[in-house]
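Several structures are given next for inspection.
Both complexes below contain chain A, partnered by chain B and then by chain C.
What follows is the complex of A and B.
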């Protein structure tokens, strides 16, 4: 293809609009490779990727003329930003309100020990400027909110979701639908990672007769209950897992922009064949198993469906608007905090960590059993003397099995508990699981009709560290 | 693909929180099974899994997304999980 044709096609192209796409008025929509000479410094720097088949000068100029917004400067955002910056994307915006902590550094490779305490956005941009001074870096050292999201996102050609919570994920996806922005979305926790390209090529909200690319809501209709959502801070994360997803995310963003995959082949008003525009969306799943080498389940590429007719955001009867979002409709916080079975234990079934310690030390509390429901990795760093470890996940499984098979309820208790009326105390990490454990034990009748006390240690090992033992190795 | 399930069975893979909930990565379940009965079957084996995991998860059969229909578009009515199929339960992951 000669360059003249490319430019002509680009000029003809206009983002499809249904009247609700208000902010897509870029002079340059990122498809325009332009026809200028590369500067010497660009020529040297990008030479190794420009000679890759399919890239060339045209692809490189498209990258240089593109604007990418990276939301989240953490485990995904750091590796993603490195490769996006290295590849020479012209403008890179980064949104994050957090500061660098030591516990970030095993995975957030764009920060450094010397920059602990610095805003992540500034720390990462410092790193990126070292790597490649040519792009323009735009810091947004605050949170993305329903109020500011459209204003920020409207200034970019492509969005990378590198965030760590469902509230922001749904917000980003909704804004991308309304503004017609492709979204490269990744996520990782503990030993699992996911990657999917959404809304690419962008299609106006409400068009459903045909195969159009899905949005985040088409794939994940509703968030998991708040209680089952775990953050990397709570559940942990292996550095290479989240790093792999971030790098793959950069790869997809570079591919989309260099090849203008987010632009429909033609601004086809007469030839309306949406199937041609659909990139078969694929959900890449990475499952990392600490117990085995690369195995059968390590990588999976799942074929996803297209846009859903009844999707809340992009479907045919969607009432989602930019104005509405700004005014607080929908309520993302409420949507993502589905009420869960909130346990409400009476005061006599709860004890503070300090009071438990006192009672134990004074001898007032003689014979009892203390069950620690943290996962065994947490338990391995330290525990209250005499505590028996029954990880909460195993506990729930066992409880379900007992209900199912009708096996004796006492099987769920550690051997130390015996059949007696010895009081049971339950402690967990932050005091949530322990309440549920107490509730479940009572449900199973293990309080022997009230003869045996089952008590929650309030606030978990976190409270124990704060109230009793400041040296306790709490994670 | 995964190890072949025994005759008369299909494999089901549990990703992310589905794996934590069941304490398994994979197991074989009796086939054939209509897709619309899948969640009931799992709920029977793992009490509470529907509300905690399945309701917000993706389901695939042989690596292809299937709509376990909630709103009644009719899709789930027809789909039957056959012997030798590979089903996957994929909950969303949010962190990063």
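What follows is the complex of A and C.
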């Protein structure tokens, strides 16, 4: 009798579109998650996880009856999908509009060399079907947008945020709040990773008198300024760092679904599981050091607050609605792109990569200094002949030191530049840092009152590859 | 008000993570002896610590990557002994001897 009620509870949170659940409902007459027999192939395949204390057949059947949406089929999404699929989650949706590139493969292990150029969603599903043909895989080979997000997310029990930008992260969280979906969120760049479980168990928007789970906005109220954000493409990423976070995401999703941690306490007619729903929201951070072994601070678990009374999305006076989001309110793009001060150099202080090359080849530009401000790792793969490497971060520090200590400004220049009026050209990776460098050099008076030309090579080494040398090893 | 005030300095550790260490000499962990009394004569709190770090520990001149309008910039979490500073009173939290203060920038890559 009691067990029968438990089933009712679970089914309330299943979707009618889920064929497996309907089937299970007819066969059900007992335990949590349905009491159907496991098919032989399921029994064999899932035996090693089913014998883990706390899992059992019950947990496995819950997984089989669950639907998980993975947003992003990259460095987080690949390992996350592998473990979620391996564990036998019944339906797995994957959203991504990108295609597989060779530079993805060191970390996006669900793709393959042979599938370069293929849509990531299709490539990953091909891999997953090979791993486990039992789940149903649903491809969404396009971007998640304010217009389609609710329709897609509404079909799932749990969402995994494996995306790479704040715009989509805030959108996903807002929709999860409004639709009452638990969200497992992770991120990684360069040598750091983060993981947090949000909105679990979900509680209706506006409920604040009690201890409720936070949403993404409760923890990360405002995005960082656009200028301070770096992507994996720019800053790099170590495969195991992002992989570790993706696997941890799968671990959390499997745990939540197998143990029904996402069923709100209000819906729990069984009412004997108060403890599990009052977990402390925790942000896990992983710090990976290239110059030391795993240490005391490689992993840190940080205690976060619960739902915020004044949260824009889930707080008491929130005006956020599904209709509003679809109609463009809030404006996620604007919210995430705080304007940044940009340097505006006059045309005579800029030259295209092609024009620089021509001037140099023709002899029109004889004696000059070329400063390359990329970081030394980038520079080490190749540079324009004669370029001198002065990494931008070091340059800025030196410029600040000169201002502070009043030491000679010429110290910031490579020895080759001397005190002469030899023109200086500055090139960087994509043409932003170089403009700031030109501006700073002038500020330091190194243009000798206009006698010395200081010029920005427009578009950086990216433009050099496009306009001058297609074989250039640009990263 | 505490023994720390008597000695004039509060010994703490300050950690940076998520890329912020780049602004602080690429060093993740700093031992800091923080003056026990802030600029306005009040006990040293997190707001004072932030000023102190900018003045004495930041090697990179891009201060705007750490502070904006004298407050910690959006997108940086501050953790006091591994708990979100919002649980502890944010900038007004009075620093205690041997506290660990962690600054983490939130990541978005994936």
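General observations
The definition used in the following text is that the second predicted complex is superposed on the first by the 414 of 475 C-alpha atoms of A that agree within 3 Å, B and C clash if a C-alpha of one lies under 4 Å from a C-alpha of the other, contacts with A are read in each partner's own complex, and residues count from 1 in each chain.
Keep this in mind: contacts are C-beta pairs under 8 Å (C-beta built on N, C-alpha and C of every residue); 3 or more make two chains touch, one makes a residue touch a chain.
Remember, it's a predicted structure, so these values are computed and weren't measured experimentally.
Aligning the two structures on chain A places chain B and chain C in a clash.
When the shared chain is aligned, no partner comes close enough to touch A:69: not chain B, not chain C. Legend: residue contacts after superposition of the two complexes on their common chain; A:223 is shown touching both chain B and chain C. Once the two complexes are overlaid on the shared chain, A:310 sits against chain B while remaining clear of chain C. Contact with both chain B and chain C is seen for A:287 once the two complexes are overlaid on the shared chain.
Using the contact criterion defined above for the overlaid structures, shared-chain residue A:296 touches chain B, although it does not reach chain C. In the superposition on chain A, the residues of chain A touched by chain B in one structure and by chain C in the other are 72, 74-77, 161-166, 169, 186-190, 192-194, 219-225, 228-232, 235, 237, 242, 245, 283, 285, 287, 297, 300-305, 393, 396-397, 400. Interface residues of chain B, counted against chain A in their complex, comprise 1-3, 13, 15-17, 20-23, 25-26, 44-48, 51-53, 55-56, 58, 60, 63-65, 67, 70-71, 73, 88, 90-96.
Here chain A touches chain B in the complex through residues 72, 74-77, 161-166, 169, 186-190, 192-194, 219-225, 228-232, 235, 237, 242, 245-246, 283, 285, 287, 289, 296-297, 300-305, 309-310, 393-394, 396-397, 400, 403-404, going by the rule given at the top.
Contact residues on chain C toward chain A in their complex (touch as defined above): 15, 17-19, 22, 28-29, 59-62, 64-65, 68, 73-77, 79, 82-84, 86-87, 102, 104-110. Interface of chain A with chain C (complex): residues 72, 74-77, 161-166, 169, 186-190, 192-194, 219-225, 228-232, 235, 237, 242, 245, 283, 285, 287, 297, 300-305, 393, 396-397, 399-400.
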